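Chain IDs A, B and C follow the sequence of writing; residue 1 opens each chain.
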């Protein structure tokens, strides 16, 4: 139990779950766009790993995460038949997915920011890098599917990520235990996103 | 005065102005596409800093400019409310913008080429890298907004950049003072672009 | 003769041919999209060199191939007038092009995988990196032309590349001579693609 609660293991385990859920979201969009199995696997891959890859390339942090650890790519490969086999069930699991997806975003934000901080980045840029890790995968997915990225139009979740990044930074600075900070940050991000969707809150449009 | 005219300071000051103007151009397109504030900030960011980032990643010149110096990202953040507040005035400032935008392109071309040369690149590739620094931001902006990049269709300004890059290279090689070379190159690039638009010159179409 | 058959020279010569043919395919699509000469040159460039560049950036293998060796960029520059001058003939050379294009893909797969293996990558990821080298150029070309990448929709050639990568890996492991392995792999990839098109085979669609 104690070992399970160790910061690294918890974060890593949750990151793997986030990767899997992100891959499924990409594969489902690819299926909707009538792509073939190969296209679906690629879209799943970039959705799940595009954000972290962009962060690592920008930070010159090599090898990038999925090159160093083949588990990530393996999860995407498993997600393809998984999505296919459970396609009927996945449709009804909209809520479950929404939660996992948001938790995934929250975790990618935190781990992205931590990586940037550990490389000595300015805190403001590290927060931005956390958001990059969380959202760029979805942006690349939408570009490959020839759509204007959803996140620029309707979703408030980038703002949720950013709020989480700010909160996590100050929680850490306050000396509060890291595992608690993970939990609070995830709750904050999930909370903002749920409230935003319930109340139909969107970010103000320009003009 | 002398210090102000020092090559580095002048170039840096003008680069900051170019960054700000590029960010505004991205934010305005995002507003036209009905994106929200977050989307507008991101589009402003990639328009202003995407070209230099691409150059730095290709050249493995880390940290990339805006990670090393948070001023660039700060300027983009300031550009968002600035564009919003002055939106009525900006519409009537089409000409002013056009000039600043072209000067920005010219400066990005020069500074991009200088960076590439300082890293020992072949002069021809260094010129290309200057053009990359100047135009890739606009290309990413157009892709994120789901349009075929303007620069591939109508605008002659990539050619203007390239002519400027060639001119600057030979001016430098001739031993002419660097600040004069900046000035002449900027005048050349702005001049080509103005003449091209006045005379409705475009680059010949393929086929 | 012996020197010509030396692994490096053969591979390098064939890579140059592949680069040239890829550039032409990009330039032709750009012409169809009514782009100007500059746009055509850029599309030719990214089609020919985008895959290898992506591979090199992901692997942090700097300088990227076309920065280290200006021959690649030079070939793209030559391809622009070449395509323009021979445009009438190229239309009738559909078959010849198809063969060269597929050979190009095969070679890019092999050389990309070899580079990844030489950097110590996990064999599965090295195979994926071979496919990246071969297909990402075409993906960027399609995105810049505002189309959903062809490869995600109809073409089986990514699968052909991947089969070739697997075959090449095991041929090399078996101790079979490298030049023979090149030949067998190219024949395999070209064969799969031809059969797939003849029999109208496609990869199964998701859903």
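FYI, contacts are C-beta pairs under 8 Å (C-beta built on N, C-alpha and C of every residue); 3 or more make two chains touch, one makes a residue touch a chain.
These figures come from a predicted structure and were not determined experimentally.
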Chain B against chain A, contact positions shared by both copies (same if over half, else different): different
For chain B placed onto chain C, the superposition rotation in degrees, Cα atoms, nearest 5: 120
Length of the line joining the C-alpha centres of chain A and chain B, rounded to whole Å: 32
Residues within chain B bordering two or more other chains: 57, 60, 143, 146
For the chain A and chain B complex, residues of the former touching the latter: 57-60, 121-122, 124-125, 128, 139, 143, 146-149, 151-154, 158-159, 202-207
Of all residues in chain C, those that touch chain B in their complex: 27, 30-40, 42-43, 53, 57, 60, 62-64, 66-67, 70, 73, 83-84, 87, 143-146
